[in-house]
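Beneath this line is the structure, given in structure tokens, with notes to follow.
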Amino acid sequence: MKKYISIPFLIIITIIIITSIGLEYGNPRNMEFVKYYLEQGLNDTGAMNLVAAVYLDYRVYDTLIETVILFMAVAGITFFLQRRK
Amino acid sequence: MKNHLPILIIILPLVFSFLILLFRKYAFYLSLTGIFVSLFFLLRLSSKILRGNRIIYHLGGWEGPIGINLVIDGLSFYFSFLVLCAGIFIVLYSLYEEKYSSTYYFFLLLSTSSMLGIIFTGDIFNMYIFYELLTISTYLMIAYLKKGESLKASFNYLIMGGVGLSFFLLGVGFLYALFGVLDISHIAERFLVIFSFNQQMVMVAFALILIGIGIKVAIFPLHGWLPDAHSLAPSSVSALLSGITVKIGIYCLIRLLYHIFCSEEYFFIRTGQIYLILGSITLLFGATMALAQIDLKRLLAFSTINQIGIIMIGFGIGTKAGFTGALFHILNHAILKISLFFCAGIIIKKTGSRLLQGLKGFGRREPLIVLSFTIASMGMIGIPSVNGFISKFIICSAAIEAGFPLIVVIIIIASVITAAYYFKIIALFFDLSETSAKITKPFGGKNASSRIIFGYWPVYVLTGISVFLGIFPKFGINLLEPAVKLILSNFIP
Amino acid sequence: MNPIHFSILLFFIGLYGVINKNNLIKKIIGLTILNGSTVLFFISIGYRENGIAPILSEELSGELMPVMVNPVPQALMLTAIVIGVSVTALALALIVKIYEKYKTLNIQQLLKE
Amino acid sequence: MKSSNIIKTIAQKLFPFITLFGIYLILNGHLSPGGGFQGGVVLGTAVILLFLSYGIEATEQKVKMRCLSILEEAIILFFIFLGILGISTGYFFLKNFLPLGRAGQILSAGFMPLLNLVIGIKVAAGIFGIFYILFKYRGEI
């Protein structure tokens, strides 16, 4: 029963969203700050790998929180599945 | 040092939460210290913020859209103040509730820290990450007791929350594809240009973000996880979830949807109407469902959905009075709901029963707790002299001013239903027909008497605050004045 | 049909799995598909035609810069992938615990109990 | 769980190479494709390989879970400490305060190699921890 409602619904939403996308694949707009990263990344951070420059210098705060989240997952699993002594 | 206060407010609870894991014996004191230090730092910023300034902190020294910025203005100050104050009460009450292990305090402090992170961040992707951290710690706290029901509730929330955050992330992706930046204020700056030639995609991004946050806030069709999760968690966690965590979702709605999507008036009018419709449905639905409940905490959880409806309506009206009422109602609802859940926790602990029928004759045994419960429920209903009345009144008068008389009727109907279900409970408290039919379980161990004050005093203090704010609402409204000014300044470009 | 459209399609396939499947593990698979589709979306909006990976080397001097793809979505997605791993791991731990209590993974049976 | 000698021998022979590859990925994270997370996952899977081929008891003797969790906590605190060092050296939180060095060398790009190392160890410990706990619990059902 649930199937017959949800499938047409999902199909309609998918079509709406896909038709709404006005992006050209392979030719993104708004490149000004991307240009900044590509041109100044080496001078600013000294890293050859620009992904690492973004990941570990420009947006390193994200990385810190991400590390905390991974710790949280381990702590949670330990909490759920530790054996009672 | 003074320049670095914004980041220290977020980072110190985080550091303290990890210190808890290293020094497990002092978990309670460490968590209390963490929150107090953070609150102290926040209050040192208060004079600057309340004068209407905004503080921007560049993380890693990268300005603007290149790096991540922290932004503290009136709105974020108001919400972070709420979070930290509520955090103190919840930590204190946890000591009474049960002898929690250090892991519990770790989760509690980490969720506080992540809420502060969401509030202060000026970057939309960073907001997503902090939200994910918040929800992960929430899953763990809901399932803290490891009972079958609470595990199921936690799993349900995990599925719903995961889907919601995926929607949110997709919405962030749409925004990034359109604007090329992730910084909220920069997106808002470019909004008009982009919106003029890519209207449909901006609308879809708006819808995706609204669905994503709507799941977290439990707007009507997306509320499925809330009653289970809020009622099956330990009482202190229920208070945290109902009192503040839901408000964080509302904060994101304000921050994103009023900051980004309201730069054009045309678009704003429609968002306002969407909020009004969703809010009214949520309000009526929550009220009706709460009437049918027989479980005390489940009833309170549905009451949360009810009050969220009112807050949404307040934002939907979109005038100054509407915003004031909605923001003030956020504060009032946090105070009242935390107090109600603490009362419910004490009642469940004393009677050993979660069902309403088990409460018969409780009024004789704990008159003060029942009095606090009554005052808090009066606030929920909107009876004068308690703070809930003021905010409801402001919202209603704003609705009349803005020309939505139907909304006032809906709020009054919902208030009547609210009165019905709260008076049902209060009547049961004073129902003496079956007085003390059941002898309750003896409570606590030897050191129970020392911990008992931590259960009762937070309730009394919260009740006192709610009555105080009901008589002198100016103290609350002064606090949220800068926030309202900020929203209005964004709203009219 | 380019990768951007495909990622949206994949997103809703994942959503279909989350909504309609009765097995808890299959729901988690749906959630993973959702996460993967967002990763695909982000990576594909950063793609530029004939672009190379955003890694400089000694040969590429400043003037002869070739077209490079956008490094920002890739860095964001590294974070999102880690988050996806964490959530999946946590969900699996919850499933283990639920199975221990109820001896079933079917959501219909779980709702009855 | 019993595994054959072939698996044990192959795992033992492969282990140093996988570990070396993981360390290579971590140390060259800022120069070439790779980085802390990827290298950490490789390191974690190397330990998981040993774990699967030798069984739970042999690994428990080598890796103490308590040490692993303290290591993880200490590493996050170290990460935050690095951020606070950015403040104490007069810049902002999480500022890249070390000298950038000459581009293209291992010891360049400020604190990036250090962060890669931190994240690598954290991810390796995390991946192995998740696997270990889920695996160990299996006996109880």
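Just so it is clear, A, B, C and D label the chains in written order, and each chain counts residues from 1 on its own.
In this text, a residue touches a chain if its C-beta (ideal position, glycine included) is under 8 Å from a C-beta of that chain, and two chains touch if they have at least 3 such contacts.
What you are looking at is a predicted structure, and each value in this text was computed from that prediction instead of being measured.
Enquirer: Of the pairs B-C and A-C, which shows more C-beta pairs in contact?
Expert: Contact tally favours A-C.
Enquirer: Round to the nearest whole Å and give the separation of the Cα centres of chain B and chain C.
Expert: 29
Enquirer: Using the average of all C-alpha atoms in each chain as its centre, how far is it in Å between chain A and chain C?
Expert: 9
Enquirer: Mind checking the centre-to-centre distance between chain A and chain D? Centres are C-alpha means, answer in whole Å.
Expert: 22
Enquirer: Measuring centre to centre with CA averages, how many angstrom lie between chain C and chain D?
Expert: Comparing mean C-alpha positions, chain D is 22 Å from chain C.
Enquirer: So which stretches of chain B touch two or more other chains?
Expert: In chain B, the residues touching two or more other chains are 14, 21, 59-60, 125, 129, 132, 136, 139-140, 143, 146, 177.
Enquirer: Multi-chain contacts only, two chains or more: what residues does chain C have there?
Expert: In chain C, residues 15, 45, 55-56, 72, 76, 78-79, 82-83, 86-87, 89-90, 93-94, 96-97 touch at least two other chains, as defined above.
Enquirer: Give me the residue numbers in chain A that touch at least two other chains, ranges are fine.
Expert: If we look for residues of chain A contacting two or more partner chains, we find 17, 21, 23, 28, 31, 33-34, 37, 42, 48-49, 51-53, 55, 57, 59-63, 66, 68-70, 72-77, 80-81.
Enquirer: Chains as vertices, touching pairs as edges: which of line, ring, star, complete or other describes this one?
Expert: Graph shape, chains as nodes and touching pairs as edges: complete.
Enquirer: Hey, which residues of chain B end up touching chain D in the complex?
Expert: Touch list, chain B to chain D: 4, 7, 11, 14-15, 18-19, 21-22, 57-61.
Enquirer: Under the touch definition given earlier, write down the residues of chain D that touch chain B in their complex.
Expert: Result: residues 69-70, 73, 76-77, 80, 83-84, 86-87, 91-96 of chain D touch chain B.
Enquirer: Which part of chain C faces chain D closely enough to touch in the complex?
Expert: 53, 55-56, 58, 78, 81-82, 89, 92-93, 96, 99-100
Enquirer: For chain C, which residues count as touching chain A in their complex?
Expert: It is residues 2-5, 8-9, 12, 15-16, 19-20, 44-49, 54-57, 65, 68, 70-72, 74-76, 78-79, 82-83, 85-87, 89-90, 93-94, 96-97 of chain C that touch chain A.
Enquirer: Quick one: which bits of chain B touch chain C in the complex? Just the residue numbers, please.
Expert: 125, 129, 132, 136, 139-140, 143, 146, 148, 151-152, 154-155, 158-159, 162-163, 166, 169-170, 173, 176-177, 182
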